[in-house]
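One chain, chain A, links the two complexes that follow: it is found with chain B in the first and with chain C in the second.
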Partner chain A sequence: MAAPLVLGILVAVTVRAVLYRSSLAGFISERVEVASPLNAWKRVVEGLALLDLGVSPYSGDVFHETPLIIYLFHFLIEYSELVFMITDVLTAVALYLAVQDFNKVVFKKQKLLMELDQYASDVAELIRTPMEMHYIPLKVALFYLLNPYTVMSCVAKSTCAINNTVIAFFILTTIKGSTLLSAIFLALATYQSLYPLTLFAPALLYLLQRQFIPVKLKSKGFWLYTTQYAALYLCSLVVIVCLSFFLLNSWDFIPSVYGFILSVPDLTPNIGLFWYFFAEMFEHFSLFFVCVFQINVFFYTIPLAVKLKEHPIFFLFVQLAIISIFKSYPTVGDVALYMAFLPLWSHLYRFLRNIFILSCVLIVCSLLFPVLWHLWIYAGSANSNFYYAITLTFNVGQILLISDYFYAFLRREYYLTHGLYLTRKDGTEAMLVLK
Partner chain B sequence: MAAALPAPRWLPAAAALLWACCGLAATDGIQDQAEQFFRSGHTNNWAVLVCTSRFWFNYRHVANTLSVYRSVKRLGIPDSHIVLMLADDMACNPRNPKPATVFSHKNMELNVYGDDVEVDYRSYEVTVENFLRVLTGRIPPSTPRSKRLLSDDRSNILIYMTGHGGNGFLKFQDSEEITNVELADAFEQMWQKRRYNELLFIIDTCQGASMYERFYSPNIMALASSQVGEDSLSHQPDLGIGVHLMDRYTFYVLEFLEEIHPASQTNMNDLFQVCPRSLCVSTPGHRTDLFHRDPQNVLITDFFGSVRKVEITTQTVALDPNLVGLETRVPSDEMATEPLKYAEQLPVAQIIHQKPKQKDWHPPGGFILGLWALIIMVFFKTYGIKHMKYIF
Partner chain C sequence: MAGAVAAVLGLLLLLGSPGASTGPPRDSLREELLLSPLPSGDLAATFQFRARWDSELHREGVSHYRLFPKALGQLISKYLVRELHLSLTQGFWRTRTWGQPYLQAPAGAELWVWFQDSVTDVDKAWKELSNILSGIFCASLNFIDSTNTVTPTASFKPLGLANVTDHHLLRYAVLPREVVCTENLTPWKKLLPCGSKAGLAVLLKAERLFHSSYHSQAVHIRPICRDASCLSVSWELRQTLTVVFDTFSIGQGKRDWSLFKMFSRTITEACPLASESKIYVDISSKTQENELLEVTPLPLSVHEASVQGDRRTYAVYDLLSPSLFNVSRSLNVQLKWKRPQDSLDLSTPVLHAQRYVSGYGLQTGEISTLIYNTHPYRAFPVILLETVPWYLRLYVHTLVITTKGKENKPSYIHYQPAQDRRRPHLLEMLIQLPANSVTKITIQFERALLKWTEYTPDPNHGFYVSPSVLSALVPSVIAMKAEDAEQSPLFTSLFPSSDGSSYFVRLYTEPLLVNLPTPDFSMPYNVICLTCTVVAVCYGSFYNLLTRTFHVEEPSRGGLAKRLANIIRKVRGVPPL
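Up next, the complex of A and B:
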């Protein structure tokens, strides 16, 4: 399996290199869908230039990256294209290894449940076989590498790629089962952009499952492990934040990075939901609505944890998707990350209800983004409502995609335990409805 | 019988005396008339005509202003002495079915737009601030002459305002207002700066009389189309154009002015009688208490026209030697500083040859040390200490 992966990597790197040298690079790096105020490359260069002039890069509203990015790019700024290509490759490799391991876990669990007779009798066609799961890691890696969103994000040199790499490493270390490394990478991911904090819950659930610790609120083992993991996570976060203090000898980066993410002062249009709302909001309501919008990201964690207790990796996928839909400055790079996981759930295809319309919506919206931007900004014959309509439709499409997969997953689980052909008490065929 | 009566001896003397008297009288008459140039009120006329409303349905306000403009031009005030402020362009409005025209009579009898309308303040330039700056003369130095009211203390100024108003205010451009207090203060500033000799203020808005209630400067006569609490009404809609063309008061004023010619002797009392209640529905008002002359003696052409009566005479007129001639004071030689040439103002040579600053930022050593120490610690924790011997 290594050879096809290497081939895929080579193809992806070639595509990116070609695009870097073409004239599209300038055009793509200016697109608001790809570069947000948080992760635009222009701002990184500006911040480093400010630093060279002896001014703190966080003065003024230009630079919103963490100090570790400053450190990383201070030495690597001339090789930036290479750095971004390498990060993409690293992400793909990490995802490949993670999914390989995960497949083994899935298969083991399935075998266990079959031996325990947990499955109904007529669900043979729903059981997954190693044959069909063989190519999934490759598909995941290729989905990530060759996704047009990822390619655009890489060509625009948006630091979203670095975020994706950290999250991919976090997923890899979680699936491998290493508590310390998982906590460290989660801390790094949270440090980069605040939202991966919500990935604490699925990672914890997975690690507990791996250690065969049952998730019971009264069990001592559960609390012991949870506190251990949480302590590791918080300590590493504190260490990283303190280390960043020593880079510039100031705490300036905290309001500039985290304050910026949470309070959304910059209302440049992007593919998210925040900008239009806050552009027309009165000052005295904005605090309330900022809180409401931000809560949306964190709010679904607990209910999903309750429902998807047994399936933490699916929970991780849904949580990743929720982060990239509801975060304050999303870009297509975030979308690309959770879309890379879709081959993992390809066995759910027969239960998906709206996949055709959703894929059409997503493709059409992605194509309409630059069109309506041009109409609004350059031609002047449209206005921000048009662009926001496409943003809304795109996000609605994403939400429907996630809920469709959620429905399909739960339905499959139900069929597995209750049998494929459901009958009511009097023998007629029953319909399964998601309430 | 042809013997002439012997002329009385005193006749030639009397005749000579009479003739001398006549001559003297005649000379005095010329003198009087000549001095009338200096004793009578004004030597030049100005007009400030303001329309304050925009949007197509306020067509009549633009037509009002343009009618007064037309009359004033016809009676002799040149464009250089008229400041015309129109808040919107009706002639070229896309809703105008007859482009390049502004009619004041229905059936399109009278096009007040004409061929040579000179609008000085147009569209969004008609603001309260600009209006007050024009009146008081506090204008930025870059303003062109056509936008200035260059009046002096011998100017008679006609100020005509129309638009939408209320009790004590007049609305500009649907977004701001000028109050009667502001206007009165502006006129007082004009008086103190000697910017007018006599001022005629005409206003055609709802409750227009409220706008002249607060005037306190001398030599102002004011007319308004309605009293406080009354609305000024529009005159006639034109079904072809679709809007009301004129307001009643200005319509009848225009009718009145059409009969005035440059030499007419009609006085202000006739203007006060224009548009009685039966025609105007509102009660026009006027205020003359601040005016020092009797309105009976004030000619319409004193404000609406700009006519000089010229009489050719062969007699010489001795001017009053007390008239102080202005001595042109030769300005003392100032220190003549050589003007800097443009290129010399910038130290170009310095800028070009400046080397880029070598200041570069390096991350502090402590940070690098700490970071890599942490990374190595994590590495060894994960993979065990046994790998150490392969490194060292």
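Up next, the complex of A and C:
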């Protein structure tokens, strides 16, 4: 399995290297879909230039990266292209190893449930075989590496790639079962962009499952492990924040990074829903709607945890997707991360209802984004509503994609326990409805 | 009896007047008009009215104002102002064709103030001061707030006496969008002691002054030395008005000027309150043989001065001398060009600059400033101050300064990045200009999308970027001797000169007009509805999937409609559904 992966990595690196040297590199780095005010490379260079001038990068409103990025690129600014290619490769390798391990866990669990006779009798075609699961890790790695979104994000040198690497390492360490490393990488991911905080729940559920601790609110073991994991996470977060303080000896980075993410003052267009909403908002309601939109990202966690407590990795996937859709400054790099997981659920294909339409919507919207941007900003023949409409359509497409996968997942679970060929009381073929 | 009353009155007067031994503070008024023909054939007229008051406004409780206007005096004492400079300008001084200005002002309104070091809250004092000035001068100076105020560190050094130069006491703001009109001229004229009834101010008629290429009126208040020993401080108020008349619109194509043609008035008397009232006409010529101008009536005296690095000759008309109004009751100075029109040598000024915006589209752009040093062999440094509003996000790593194709690193950079909706960008640089060169300074910016309420009612007009300021000590061709400020004409003592080998020049570039991308202003309700619909689509789908479970569908007995249809069918005799 290593050889095809290495081949895939070589192809991906070649594609990126070719694009770096071509004239498209400048065009791609300017695209607002790829570079947002939070992770644009131009702003990283600006922050380092301000540091050279003796001005704190956080004294203005241009630089919104964490001090970790300053630490990293202060020394590596000459090799930035190499750094971004390596981060992409690391993400792909981390996902590959994680999915490999996860497949083993899935197969073991399936075997256990079959021996316990939890499955119905006629679900043979729904059972997953090692043969079909063999190529999934490679597919996941290649889905990430060769996704046009990832390639564009890498060529634009958007620091979203670094965030993705941290999240991929977090997923790897969680699936491997290491509590400490998982907490550290989660703290790092939360420190980089605030939203991975919601990934605490699926990681906790997975680790509990792996330790064979049942998730019962009255169980002592459950609370012990939870507090242990939470304490490790919070301590690592505090340590990382304090280390950042010592870079510039000021707490300026907290309002500049986290205050910026939460209060959304910069209305530069991107593929998300926030920018036009707050550009057209009445001043009086601005604070209220900022709070509503931010709560919207976080409040799906608990209901999903209740529903999907037996399937924490699917929960992780859905949570990642919700973060990518509803975060304040999304880019296509965030979309690429959760899309890398789609091969993991390829066995749900027969239950997906709208996959053709949704993939068409996503592809067409991705192609229309630069066209309508050009018409608005350069040609002047369209206005902001055109770009906004495509933003809406793209987000609806993503939302329906995720809910379609969720529906398919739940439906397969129902069939596994109740049998594939359902009949009504009078013997005719039954329909399944969601009631 | 009468003698006793007189004695008592005299005694009361002696005892009653406070500070009777020193007497009330002395004040004096000087007024002056300078007519300088410009190389392109236009004519610049600079009025200066200078009231000097030997009083310490901050220390004594002053209540009796004579020549110094009360409105400004009270302002200075209340807000502990050390220096105040306010200018309102319409038009742009074209340095390349008109030569170096005596005192240039940027288009729009400019206000810069040095406060005393005893001021505790400078920002509060600045805000209140700009609001009060807005009322006094009928200008919208109340739009000056933290988004267009900066604190320059090197550019605006005090022009008067100064012993403390902590630049945190300085505030500078420009409103490039401000329009100057008659409403601003009237309160300005009211501050003059003679008003517009006597002296040179009778020429200030609004319908002629605003029919010009350049109109700038300014108020400068600063403390100066009372005498050569400089033990005590006097306050000086200078009101200057510069206007440039165009050959084509005013002159009807002819280059002959007269006071009547320009101002539609002539001067009949000097201001009775003025101690000095003079008209200077610049009659200097490049070569000795060919005289530039013929001036009538013949001037009584000629004054030579070295101004801005050049030896110049001025014809002087002293309005206070009795012989001036002997021939005619009114004075109408007339200037006739002696040389034919085409053979004018345009001498380029030593320092001039231009600025423009380049780039296409509404996403990014580039501001380029070109500074020309036309001195044949001397290099000198210039301080460039740029204030860019926060919604044009400057990227200082794209700052490139090139001279003659090579990179020119500035020896001092002070950059203060902008904070959204709070303060603008401030970029100050000290750049060395080599002799006979063009220096190009470029910096890239990104245009921000603002909230729909932050756009002006005419958003597609664009947003103004205030002019950048160039301050330099330009080396002069000839050695200038330092003259006593009281004896020399007012236009030579505007800027304090430190030595005779260079003179101070402050230039302003053009303001820029930049378009920003606009949202659709008719859409707030629609946008809220549509975005909330998308969020609701997610919420709805997830709610369904999270709260509902799969069930096998039960065959339904039929809804109400089906039963009604069956009843009708039974009545008709048709088999039921």
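One rule holds for everything that comes next: the second predicted complex is superposed on the first by the 434 of 435 C-alpha atoms of A that agree within 3 Å, B and C clash if a C-alpha of one lies under 4 Å from a C-alpha of the other, contacts with A are read in each partner's own complex, and residues count from 1 in each chain.
As a working rule, a residue touches a chain if its C-beta (ideal position, glycine included) is under 8 Å from a C-beta of that chain, and two chains touch if they have at least 3 such contacts.
Keep in mind that this is a model prediction, so the values were computed, not measured.
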Chain B versus chain C on the shared chain A, clash or fit?
-> clash
So, A:V11: does it touch chain B (first), chain C (second), both, or neither?
-> neither
Please indicate which partner A:I363 is in contact with in the superposed arrangement: first for chain B, second for chain C, both, or neither.
-> neither
For A:L267, is the partner it touches chain B (first), chain C (second), both, or none of the two (neither)?
-> second
Answer with first, second, both or neither: which of chain B and chain C does A:L287 touch in the superposed model?
-> neither
Determine, under the contact definition given at the top, whether A:L410 touches first (chain B), second (chain C), both, or neither.
-> second
Look at A:I77 in the shared chain and tell me whether it touches chain B only, chain C only, both, or neither; answer first, second, both or neither.
-> neither
Counting touched residues of chain A, say whether chain B or chain C comes out ahead.
-> C
May I ask you to decide whether A:S178 touches chain B, chain C, both, or neither, giving the answer as first, second, both or neither?
-> first
Identify the partner contact of A:L243: answer first if only chain B is touched, second if only chain C is, both if each is, neither if none is.
-> first
Answer with first, second, both or neither: which of chain B and chain C does A:L53 touch in the superposed model?
-> both
Chain B stretch colliding with chain C in the overlay (listed: 98-106, 116-124 or 134-142) is 134-142
Would you please give the residues of chain A that touch chain B in one complex and also touch chain C in the other complex?
-> 53
Across the complex, what residues on chain B touch chain A?
-> 357, 359-364, 366-368, 370-371, 374, 378, 381-382
As the complex stands, chain A meets chain C at residues 30, 42, 45-46, 48-50, 53, 55, 59-62, 265-269, 273, 275-283, 293, 296, 300, 303-304, 306-307, 322, 325-326, 376-378, 380, 383-385, 388, 392, 395-396, 399-400, 403, 406-407, 410-411, 414, 422, 424, 426, 430-435
List of chain C residues in touch with chain A within their complex = 360-364, 390, 393, 395-397, 413, 415-421, 425, 448-453, 517-520, 523-524, 527-528, 530-531, 534-535, 537-538, 541-542, 544-546, 548-555
Chain A residues touching chain B - in the complex, by the definition given at the top | 51-54, 70-71, 74, 178, 180-181, 184, 239, 243, 246-247, 249
